[in-house]
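Here it is: the structure, laid out below.
We call the chains A, B, C, D and E, going by the order they appear; numbering starts again at 1 in every chain.
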Amino acid sequence: MAKRFLEVKGLHGWYGESHVLHGVDFHVDEGEVVTLLGRNGAGRTSTLRAILGLIGSRKGSVQVLGQETIGMATHRIARLGIGYCPEERGIFSSLSAEENLMLPPQLGEGGMSIDQIYAMFPNLKERASSQGTRLSGGEQQMLAVARILRTGARLLLLDEISEGLAPVIVQKLAEMVLALRQQGYTIVMVEQNFRFAAPLADRFLVMEHGQVIQQFTQAELPSRLDSLHEYLGV
Amino acid sequence: MSNPYILETRALTKEFKGFVAVSKVDLQVRRGSIHALIGPNGAGKTTCFNLLTKFLTPTSGQILFDGQDITNETSAHIARRGVIRSFQISSVFPHLTVLENVRVALQRTLNNSFQFWRSEKVLDQLNGQAMDLLREVDLEKYAALTAVELSYGRKRALEIATTLAMNPTLMLLDEPTQGMGLEDVDRIRQLIKKVAANRTVLMVEHNMSVVASIADTITVLQRGATLAEGSYEQVSKNPAVIEAYMGSANVELKGAH
Amino acid sequence: QISGDVIKVGIITDMSGLYSDIDGQGGVEAMRMAVAELGGAINGKKIEILYADHQNKADVAAAKAREWFDTQGVDMLIGGTTSSTGLAMSAIAREKKKVFLAVGPATSALTNEQCSPYTVHWAYDTVALAKGTGGAVVKGGGKSWYFLTADYAFGTALQNDTTAVIKANGGTVVGSVRHPLSASDFSSFLLQAQGSKAQILGLANAGGDTVNAIKAANEFGITKTMKLAGLLMFINDIHALGLKTTQGMYLTDSWYWNRDAETRAWSRKFFEKMKRMPSSIQAADYSVTLNYLLAVKATGSDDADKVLAHMRNTKVNDVFAKGGYIRPDGRMVHDMYLMQVKSPDKSTEPWDYYNVAQVIKGEDAFTTKAESKCSLWK
Amino acid sequence: MEIFGIPLQAFLGQLLLGLVNGSFYAMLSLGLAVIFGLLGIVNFAHGALYMIGAYVAFGLTEKLGIGFWGALVIAPMVVGALGVVIERTLLKQLYNIDPIYGLLLTFGLALIAEGIFRDQFGVSGQQYPVPDLLQGATNLGFMVLPNYRGFVIFASLAICIATWYLIERTRLGSYLRAGTENPKLVQAFGVNVPLMVMLTYGAGAGLAAIAGVLAAPVIQLTPLMGSNLIIIVFAVVVIGGMGSIMGSILTGLVLGLVEGLTKVFYPEASSIVVFVIMAIVLVIRPAGLFGKER
Amino acid sequence: MSALTDKRMQTQARWAWAAVLAVLLAAPFIGLYPVFMMKALCFAIFAVAFNLLLGFTGLLSFGHAAYLGAAAYFTGWLVKEAGFSPELGVLVGTLGAGLIGLVVGLIAIRRQGIYFAMITLAMAQMVYFVWLQAPFTGGEDGLQGVARGTLFGVLPLASDTTMYYVVLAIFVAVFLAVIRIVHSPYGQVLKAIRENEPRAISLGYDVDKYKLLAFVLSTTIAGLAGSLKTLVLGFATLSDAHWSLSGEVVLMTLLGGMGTFAGPVIGAFTIIGLQNYLADRVGSWVTVIIGAIFVLCVLGFRRGFVGELLAWQKRRQRSD
């Protein structure tokens, strides 16, 4: 059996006084690609943020490679080998595109080289010296994904990475995810864009009201389409 | 009217420190149509919008609205002419009620916005009109809530209602369905179609299914310049567009969003 | 008839700023010495001392004075340092018809344009300083002057009064530069002064400002080309600068602790409490309190008009002044002293700093009737 | 020799003194820019920290007999430590709210510091001696320049350039810049942001203290010396635009010179010239000379 | 919140106001020192003006003393040197402050947020230096001995009690005027601008003009406070224009509750009272105490007295 990379048990999360995660349970094995599905506001982003300790407060258990992270500072959790691409992209305006790219510190072996990254996203090379937030919406999205590929993180948390990208690029991203899977990366994706996510994931989790309400594998997908339709309007 | 185009640009160009983001674009938006602006990321779509509404100043070129040169007018002026934009990220007045959100937009027509000595009760005459607009976007139930309390899709709807309140001749929508679940996408798509009945819409959109179903004309930008223009059928068959934007697996990804 | 059954005397002065050494806590102590001398009470009515810090701000002084007269029943107010506050308090006292005894303020306006029947100016004024030091320097050959002036009532008055003396003695004034009260850095003002090529740099300022100006002038080598004339210098300033820097300078003051046996005896008592010798102003604080209280005792009343009438008819004879008297314009006329700072080797003990070069008779020191613009003295 | 009817001597002299003042503006606006840049807080207490730096040096010399050079090292460390405490206990609670509260909080801190020092030292000036090594003056022909003031110019330039290099050209610097915009995210990349922020405020406070120690021998130490200066420094920052470190350094120096010039030609205006320039710059370039377009 | 509880709160507020007004009306007869009360009322006007800008427009002006000071000087000079009647002196002083506000506003409005605060502070400091050097202000000495004169040629103001009622009447008028401004069509637009400026622009509002009007209104009222203060106390000095006063008015507003109507008034009375009470007792520690209140307010009391009270009432109602 593959190693457990991430184990989430009974995770509750709050933003200030509002309780948004109500006991999330799931796990991700090393080398797996898992997609979180759900309607707007179901709590998918919050789940990713909670894994890194980025939301107001959290309770329950989140183990990364067997280590309990509740109560750990965010930067120490990240150092366990997690790369995060946030929903709102988080490009820094005081840094150039290239500085943005180079910003995240090295977390481990085997990250992509700059040349590989530029080969994948030629736009970024061209705009390398531009101020980060001057890039177009889509370029910023590319940058946000690209910069965590450099760090050697083995678990990638990708929030809506196909958002706002031209179909060509979406297609490229799909290829990229597949390639990463090939290389043994562990990936947790949040996707609105079901068609994009469908062929990529090993497993799907459906969230509703801050809980995981369904789980199934790629193989089970065809048989689940109907019930998915009900939840997601797919 | 003699001029079939509500909006025209002539060789519109924007340079950022030597980088040409928009290059000699001649855009012609036909009165009463839904016009989509698409193109790869970084093609200059948002920049174009910013130029049209004067959030950025063009490096060169001209902008004509209804045949009149508006290149040198300020943002507020242009808005008052009836060119209203929505933002890529949702933009409402969070702590005003839904009704007040719309009313603030209607208020301009009363020309009393500098009257600090009158009671705000004079604004109540606008409530009926505001409710009508909310009804149009299915928000009348929420009229008394503050805008923060709305879900994402409803915020976008509110934004459109507010925009409609300005009685815009030309609406500029920047990726109106971005970040929405499928349900909401459909709601917004229908809404756009509905409100476009008697006005012009210019929109940026990556969601091809939306574009395909409602756009009358499509302009494809690439590297700041026009690559192709025409109906969805024409444009989507254009090899250059497929190459630059749709991608090879066009057919498969068409409905990807 | 003592109002409120207690005699309240107050002082509003600089308790924390650049003039606080000259008056401040020491001034309050001097008042206490006077009260103690009368046994702390007159005819069984207790004497109470109030003090407050005006931070050299006229508005603070005026507001405090008004509040004291309105709500505290203060009978007599001593004006501590700073002319602008003095003028402000004088106006309030006049409105409230209460005794105001100006000690620290230097401006001659208190007994001139702005004289008041309720104000007596006790120790010194800018006219006396101008005639004393200004006159001595011009006569000693310093004919062309440039002023470094503190930018408020006192500086202006001192510059004007000194200018008049210089002109009368055949000298000229080539220019002036104004600096804010309590300036932090004098270097650029001094460069301006140096550009003027005048012989004498007249320092129309006081306290910490004078001390710092003199120091900076040394630092920038200005003392090599110009001679400094400190128009108002107190013993505390000499103490701060040291004799090495100040030797040979002329200055005018209303009192010197080391003048005779009587002053020495009183000063040593003061020294025990304050660990420094009294300034002329502190001595005057004592004198003014004592004379006021004596007048209250004599008239048996703290009514302003009665007490003042008595004071006007009585000579001042105490450790501060001999044979002093109050003129109709409110000036207390007494002798002034032109002094020269000793060289370090001539100084026999700590605080032994001056030789008295000349005693200026009261009649010669202050404004004359002909010069006066006071309507009360016509 | 004369320039526009002004003796060359006076002219150059005032310029040089202006440069000394400009050095202080530069150092303070630099620290302000660093703290604002990295913490998003307009540090009104900057003036107070500068004042405290000067007084700590004063105390070290008067009470402990440690000389200027020792004070120049120790005082910034003491004030830096104070900064760290302030950051940990107070500022930390303000990071996610309107930056205006940061301004108000530090304003309150400035008042507290001012009050305490006023109680201890009064408002009258204290003297701090020039270090022996830099005693005396050099006759430059057109003026006598006290050696110490020349030293101030060089020292502050060196400090400014070192800081600029650290922030704009090193990896640590890029963490700092990114951290200001989105500290949570930078932390999510594995950087220890809380530590970084704390040290930054400490360093900013230390910078102010260095300026304070350098200033101690040339001006009167008063509890108010900081707040009077900080407002001018605010104007300097607005003129330069908070966007760039280099911008604040250059603007500081240049405005010092301009002030010096004004003292030659129209002394009455010298205290307002910086503000007038600020108004003009705002009309022409609202983002400031070096500020980035919004 | 239901309409019913809303009503109930309104009635409660009415009663509270009536009680406050009664106390204010009776003040001179229940042993409150009228000069103190007048000073506090002047500062209450000042704080109310400031709050119009900070609380209701979202602009932090850190140099509001400039306008109070300007009006103080104008009125002082006009009444003392030019022989104006008090009403005319106050009127011209007030408008003069508004005019300076207009000029400063035109410059400061170009930047937002924290920059706006810094620019207003710097401009105020510039104005301060102008007063310091201008020939008619008396420099460090200030203008002293400004007589109160006779109001409209019939009502002599020399008596503190008479003057007090005049000040009180003006205060009440200003207070009501500010409520009206906030609840006017203009106020509605201001609110929208404060909430989301880019959106307001895109709706065709020329936001700079609206902000400028708010700035001018606020500075004008601040001027009124300064003019009155000069008449009450009889002097105008640099302290009226000093930055520390600008800081104090921020504190008054913050402490009382910004964005509320009663807050600034309560804040003004608290701070002025505190200063008066403490000044003789603790000396320079007053500054420390004021600073500490600032810090505490920012850290844990951002809604101020009134804001906390309202929040508490709301919470109580929800749990009802």
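Going forward, a contact is a pair of C-beta atoms (placed from the backbone, for glycine too) under 8 Å apart; a residue touches a chain by one contact, two chains touch by 3 or more.
Heads up on the chains, UniProt names are A, B = ABC transporter ATP-binding protein; D, E = Branched-chain amino acid ABC transporter permease.
Note that the coordinates shown come from a computational prediction; the quantities given were computed from them, not determined experimentally.
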item	value
Set of chains whose contacts include both subunit D and subunit B	A, E
Distance from subunit D to subunit C - Cα centre to Cα centre, in angstrom	39
Where subunit A and subunit E are represented by their mean Cα positions, the distance between them in whole Å	52
Approximate Å spacing (C-alpha centroids) for the pair subunit B, subunit C	77
Subunit D-subunit E separation of Cα centroids, rounded to whole Å	32
Subunit B, residues touching no fewer than two other chains	none
In subunit C, residues with contacts to at least two other chains	16
Subunit E residues counted as touching two or more neighbouring chains	132, 283-284
All pairs of touching chains, each written as two labels joined by a dash	A-B, A-D, B-E, C-D, C-E, D-E
Subunit D residues touching subunit C - in the complex, by the definition given at the top	6-7, 9-10, 13-14, 17, 118, 122-125, 127, 137, 139, 143-144, 146, 218-220, 222, 225, 228, 260, 263, 267, 270
Subunit B contact footprint on subunit E (complex, rising order)	180-181, 183-189, 191-192, 195-196, 198-206, 209-210, 213, 217
Residue ranges of subunit B touching subunit A (in the complex, touch as defined)	16, 19, 38-47, 88, 151-153, 175, 178-184, 186, 206, 208, 244-250, 253-257
Residue numbers on subunit C that touch subunit E, as the complex places them	15-16, 52-53, 57-60, 62-63, 66-67, 70-71, 83-84, 87-88, 91, 151-153, 180-181
Subunit B residues within the subunit E interface of the complex	53, 74-76, 79-80, 84-87, 91-96, 100, 103-105, 107-108, 110, 112-120, 122-123, 162, 166
